[in-house]
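To start, the structure under review is shown below, and the notes come after it.
Note that the chains are named A, B, C and D in the order they appear, and that numbering of residues resets to 1 at the start of each chain.
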Amino acid sequence: MEPASFIKRILGEFVHPSEAAKAARRARQAIDLCHALLSERGEVSGAALAREVLSEYLQLPEAARALFFDLLASDFSPRPEGVAAAADGYRSDPSPENLIRLQRAVEPARQELFRRLNMAPGGTAALIAMRQQVLAGEKTSPSWRSVDADLAHLLGSWFNRGFLTLQRIDWHTPAIVLEKLIAYEAVHQIRGWGDLRRRLEDDRRCFAFFHPALPDEPLIFIEIALTRGMSATVQPLLDPDAPVEDPARADTATFYSITNCQQGLRGISFGNLLIKQVADELGRRLPRVHAFATLSPIPGFGSWLRSARGDIERLEGGRAMLDELSRLEAAGWHRDARGARALQPLLMQLCAHYLLHPTREGEPADPVARFHLHNGARMGRLNWLADVSDQGMRRSAGLMVNYVYDLDEVEKNHEAYVKDRHIAASHELRALARSCPLARKAAGT
Amino acid sequence: MEPASFIKRILGEFVHPSEAAKAARRARQAIDLCHALLSERGEVSGAALAREVLSEYLQLPEAARALFFDLLASDFSPRPEGVAAAADGYRSDPSPENLIRLQRAVEPARQELFRRLNMAPGGTAALIAMRQQVLAGEKTSPSWRSVDADLAHLLGSWFNRGFLTLQRIDWHTPAIVLEKLIAYEAVHQIRGWGDLRRRLEDDRRCFAFFHPALPDEPLIFIEIALTRGMSATVQPLLDPDAPVEDPARADTATFYSITNCQQGLRGISFGNLLIKQVADELGRRLPRVHAFATLSPIPGFGSWLRSARGDIERLEGGRAMLDELSRLEAAGWHRDARGARALQPLLMQLCAHYLLHPTREGEPADPVARFHLHNGARMGRLNWLADVSDQGMRRSAGLMVNYVYDLDEVEKNHEAYVKDRHIAASHELRALARSCPLARKAAGT
Amino acid sequence: MEPASFIKRILGEFVHPSEAAKAARRARQAIDLCHALLSERGEVSGAALAREVLSEYLQLPEAARALFFDLLASDFSPRPEGVAAAADGYRSDPSPENLIRLQRAVEPARQELFRRLNMAPGGTAALIAMRQQVLAGEKTSPSWRSVDADLAHLLGSWFNRGFLTLQRIDWHTPAIVLEKLIAYEAVHQIRGWGDLRRRLEDDRRCFAFFHPALPDEPLIFIEIALTRGMSATVQPLLDPDAPVEDPARADTATFYSITNCQQGLRGISFGNLLIKQVADELGRRLPRVHAFATLSPIPGFGSWLRSARGDIERLEGGRAMLDELSRLEAAGWHRDARGARALQPLLMQLCAHYLLHPTREGEPADPVARFHLHNGARMGRLNWLADVSDQGMRRSAGLMVNYVYDLDEVEKNHEAYVKDRHIAASHELRALARSCPLARKAAGT
Amino acid sequence: MEPASFIKRILGEFVHPSEAAKAARRARQAIDLCHALLSERGEVSGAALAREVLSEYLQLPEAARALFFDLLASDFSPRPEGVAAAADGYRSDPSPENLIRLQRAVEPARQELFRRLNMAPGGTAALIAMRQQVLAGEKTSPSWRSVDADLAHLLGSWFNRGFLTLQRIDWHTPAIVLEKLIAYEAVHQIRGWGDLRRRLEDDRRCFAFFHPALPDEPLIFIEIALTRGMSATVQPLLDPDAPVEDPARADTATFYSITNCQQGLRGISFGNLLIKQVADELGRRLPRVHAFATLSPIPGFGSWLRSARGDIERLEGGRAMLDELSRLEAAGWHRDARGARALQPLLMQLCAHYLLHPTREGEPADPVARFHLHNGARMGRLNWLADVSDQGMRRSAGLMVNYVYDLDEVEKNHEAYVKDRHIAASHELRALARSCPLARKAAGT
């Protein structure tokens, strides 16, 4: 790509020409340093040069970043002729040597560049941040997808589960880590240090995976309440003023929140492993705790319900049902106890149907359901008015579901789900789903 | 590969048929577990299955190991048709997507297998040990080279410099690490704990690189004496009874030993980085230390000298020289001070010539010289009777050389060496080499 | 002391008789356990019994605590006859043996009791808390002074400087420690985690002493701003939104807050040691920082000024001065720039006089001044409108003073101060004090 | 004490006069520094001065050390008049204040001196070493006993159990600690690193108490073999080549060695606590281990047996017994199986008698027996040919005994032993002792 096109690109974004030229120059300089890092010089002065590249990159003005990624995509990809030649060699003789040659031919120089960049202090964190930017821009800059592929490949290899450590997070944890929980928590917002502190008390547990190169950065964390029986409502678990219970009397671990922290590690999955390892750990430390279940949102139910209005209308008595359901539109409808009670049977049937009914692709529509079923969990109890926060009411009419992790059956469940799309679910939930008017109609067809 | 051929293979090694069948069965079982680890089941029960595979593998009888590697090579390589199709796709449209597809097609399933194996406790160490075995058998089992290539690729990525920590080794280090120094030391044998202790006293330094997944295993370590002036003889440095000097009075760090510990990491280079980082570290901690130099063996000089007898004989006065040199064959020749003194000029000239004279490939013949020159070091002083141990006398007639690491010039030296095969050397050494009869002849031609 | 008197005591505090009897019973039970801990049984089951005593003590209702301390004072003191006999023995023959015998005779059994209590987990913290309570009640229960003396003796021995560790506090410190800074800070209140965080940024330092038995409890901590020049006003240092400066450019360490955390360690002095050790530490780590000074309140100035009105009135022109000074009574007077400027000369003269002028006991009246002078500091600059917080205006009309720690002269200053009450002070401060009307009058007398 | 007497003292030890004068001067200098440390100057420059005193003290030539201790004893003791006045005050009014005054009067300035010395780096270790020297010289220099008393008082307070940490010692322990086990082991000598390593394998355990001020110095350590059944012979436990057993199959922890490391802490007892805490710890970690017993030497049996010859001779058939016993004098007598078997009944009866029979003071004569009985252990089995090392044969004719620690009964046993001199012992041992000819005679009398 020529400087001219750089400038055009930038002009498209209404940047002043001289600014654009300057950005282009800076991006080009950073890329020159990348080439140096890959050269002979890089071999002997790797760490020093890597540090220089990184510092240059981090100081690039926003405008220059995009150019930098453009050049990363264009300048460090394999030459098609080289690939073709190696492919021909392998085709005519598929020997180990020829395969290795082909593997080398298809590996972009970028990968070696990233490996060398990783030698700089802070290198790993910088590469994760770089991927986050690349992912964010991929749609508008499709060429960046090859940059992303290389970063994803490397990071996936580096963040292998074997290198991660499971650490308990509590009030003895350094503040630099704790403040990240507050910043990252994605399920039930942490409202400051007081709220966080309550979540780390004796009747709560919090665990995270860490990588040795990022000692202050949780990769994923999970929050647990030690309870008597499976929790049916989330607000008591989140109440910063709730009294602290004696953990020795708990029989259940309720996993009420799990958050992936690093957007730059998207697609590198830790959640499945974390849940099981934490269940293991808790089972060993707290022998009286024998049940492990989530209390999970049903994020897709609300919009599905709106989209299902046509189907419901077509049912016998469907208009009346829609009338009934229209009450959901009134904010605070659940505070009218009688009205809420009247709505409960239909709503729970519909939600059970939504959770269990496979879409055309053969899996349930709800993303959280798919995640836990894929992990081998069993759908347990559907809970009425379980999350009465604004978000909970809006997304799923206050309903939440418990996914049960029974360590003796997760493997079987997982296989049955992956191979046959068989969904493990409680009798109660199945019964609810069966009694849903939409299901009866489906069955009647 | 069919069981029949297994048995043949084993029979070739004179194992009893029933033993062979049993070994074949066990190898096959281990491979079946590997397939399971790559399957759906492996996705959800990865860590547990990985642990099982590892345990099975570690218990394989020696005979079954070879079969296991054979199957690893044959069963987990890419299908040539798949590769060909992806290569064709890329040829007709070299888009990022097609490149990614081709990259995936050429990556053996083995790599994913190894990545999953790494999840087991002790997985990383087991993979390194596996590669050591594969490397040892590669010559007789060429198909294993693809297994090696995959392991080398992964380990190279995992043992990236950015993940290693430089640690000082001293008498506060755990015994489990120290005993490995004794076991691994490859240059100047450590004769027990007393010897080791002396090497860790106040006027010595020892540093090693560690990987977080192997906290008890040094990857490479270096031993240093803090001295006044560049050391000319190694025996005083190795004497366990030598008095401990005040490190604050030292002006030179003499690197007298560097050892790569993990044969399974062969080809993944740390030495270059270690020397420079240690020099940096020492420079910061001990500001009076301003010179960094090795005291290195010249392992190839002895055999080169024997091979050069023909050339010497053909020189003017060559026979007399050979007569002179023949005294080297008498054990303990160096203890005759007069005789030794007479030999010194010729031997040192020959050795300087050997060190500086490039072979047909353009590099010096000595492997240690090549290592340090490639790192950007400068050849310094040639030292007479510098290592009078049996090994030192046999390998290099007692001669040793100092390679000087001047941090301001290593980059320049490295580039000049790599690009132009220019060798950085002291005037004295050059003068010695020029005055060597073999050189004069060469020049005269 | 008999149960009867217990009950009387409690009745005096308007507790219901049956409650009082119960409290008396509980206190007596706890004391019985103390006796057991001192008995043979305590020798073999020390740790277990100590744990029991502690648990019993911690659960004592408030009313029973006082009885418990009464009994501690009465039941575990030496018998006067025993002391007398040992004293006689020593008097007639002051041999080492007789001295040792007398030392044993005068040591209350309480000391051994406390030593054994210390074996329980949490014992040290409990003893510190116990002393805090004893100190608080000493005035109304004079007999407790012997309990206090024993605790003070033991704690003074245990919290010897040689056992303390100096630790830097920053954002990597565990939250359980950080929240204590917020709770304890006694000079400039920390308003939540955001405020704390700013005080731990790169251009700030915080250090504390810890004892190994109380890893989560700072004993004393000090807060420092790295500045260019000696700070003259405290508000910028406390502003949570102040931009973070580059610490490498600082030449001065301004100690703006020092807090003793443990009331139960009252009288065991750490402050002197902490300031000097921190100055040492900073000098080594930040070689460009060469000046160490506090920015300190003058807590006694305000009340002294009120008490000095009579003296001022008697001066020539004294009435006018009082008129002038009466403007201090208007809240926010300092915001009237002209008025403030008019007040400045007189106020600063008076304050310098207050700081330097010794009271009848030969030392300055200001307690903070006495502390720093005793440490060997020199009084530096008096700063106008240096602390404009409500507290700062009320206590010292906004004035603050820098005490300078020049490590080369602290020993000399300390000795001159202790022996001759000589006050080290800057010329400027002396000149100000000399020009104070009260001083002129004093001199004129 | 005047320099003259110094010199005399030294002359008594045949030191050259000028040397003596020099030593006297150096001792006096060190003492002058001690006075300075106690003065005002010491208050402000405590740590620096303490460091100076320590360095001066450590460099004192041997001759000067004694003078230094003499001066410590003479110059820093309380003035008898001061003590007398305070004693009188207390006698006339035994108030808390007067008691405190008297306590202060009897406390030698030495204690404050030692507390201040402890502020120097390495202070605690130096004070322990100082006490070791003082203890060693106490017999010939009785005045040092007061120095010892002060050190013992302080160290006893500082090394309170509440400040010690129990640490497992294994092959991950730093070499600097491990080499001390080799140096200190007092029961069964550790013959080098190989021997030590075997004692730290999976079927062994080793624990030590540490004090935070001496992180590299074990105070006391204990060695344990995990066995099936109570060990009857010690040689297999000490064999460096013994195969490592699976600790999960063990049901008994055999404590085969316990060593106090710091002679300077003599009289400050840790052993009792260590045994019980380790038993607790093992019981929790290894639930299948339910028996805790020592395998202990009987160090006094040999010499007692020699001293009992007269009593035996006077028995009926006593001469024949002595004849029999005379075979013990032949080295290697136990290797003659038949002869040994013949000796066994008599020897075991005599030894049981020795162990159980109280001396005039009411306790058994054997010091190891007294230690364990005082701890609440029960005498278990007497073991024939249990320690066939030279030392074992010489000291106790190869016999060893198991002391059983049953945590449910130690407290009861201890009290019964301390109050009534009741010895807890197995039926078998009692029966053996009863059948001893000496016992029958005693009973018959």
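In the analysis below, a contact is a pair of C-beta atoms (placed from the backbone, for glycine too) under 8 Å apart; a residue touches a chain by one contact, two chains touch by 3 or more.
Not measured: the values here are computed from a predicted model.
**Q** What is the touch distance from chain A to chain C, in steps?
**A** 1
**Q** Among the remaining chains, which ones contact both chain A and chain B?
**A** Common contact partners of chain A and chain B, which must touch each of the two, are absent.
**Q** Look at all chain centres (mean of CA atoms) and spot the one farthest from the centre of chain D.
**A** Between chain D and every other chain, the largest centroid distance is to A.
**Q** For chain A and chain D, what's the span in angstrom between their mean Cα positions?
**A** About 61 Å, centre to centre.
**Q** What's the distance between the Cα centroids of chain C and chain D, rounded to whole Å?
**A** A distance of 42 Å separates the two centres.
**Q** Compute the distance, rounded to whole Å, between the mean C-alpha positions of chain B and chain D.
**A** 51
**Q** If you look at chain D, which of its residues touch at least two other chains?
**A** none
**Q** Pairwise, which chains touch?
**A** So, checking each combination of chains, I get A-B, A-C, B-D, C-D as the touching pairs.
**Q** Which residues of chain A touch chain B in their complex?
**A** Listed in rising order, the residues are 40-41, 43-47, 73, 77-78, 80, 83-84, 87, 90-91, 94, 96-97, 99-100, 102-103, 106-108, 115, 118-120, 123-124, 142-143, 145-146, 149, 153-154, 157-158, 160-163, 212-213, 272-273, 277, 374-376, 410-411, 414-415, 418-419.
**Q** Please give the residue numbers of chain D that touch chain B in the complex, ascending.
**A** Of all residues in chain D, those touching chain B are 171-176, 178-179, 192-193, 197, 216.
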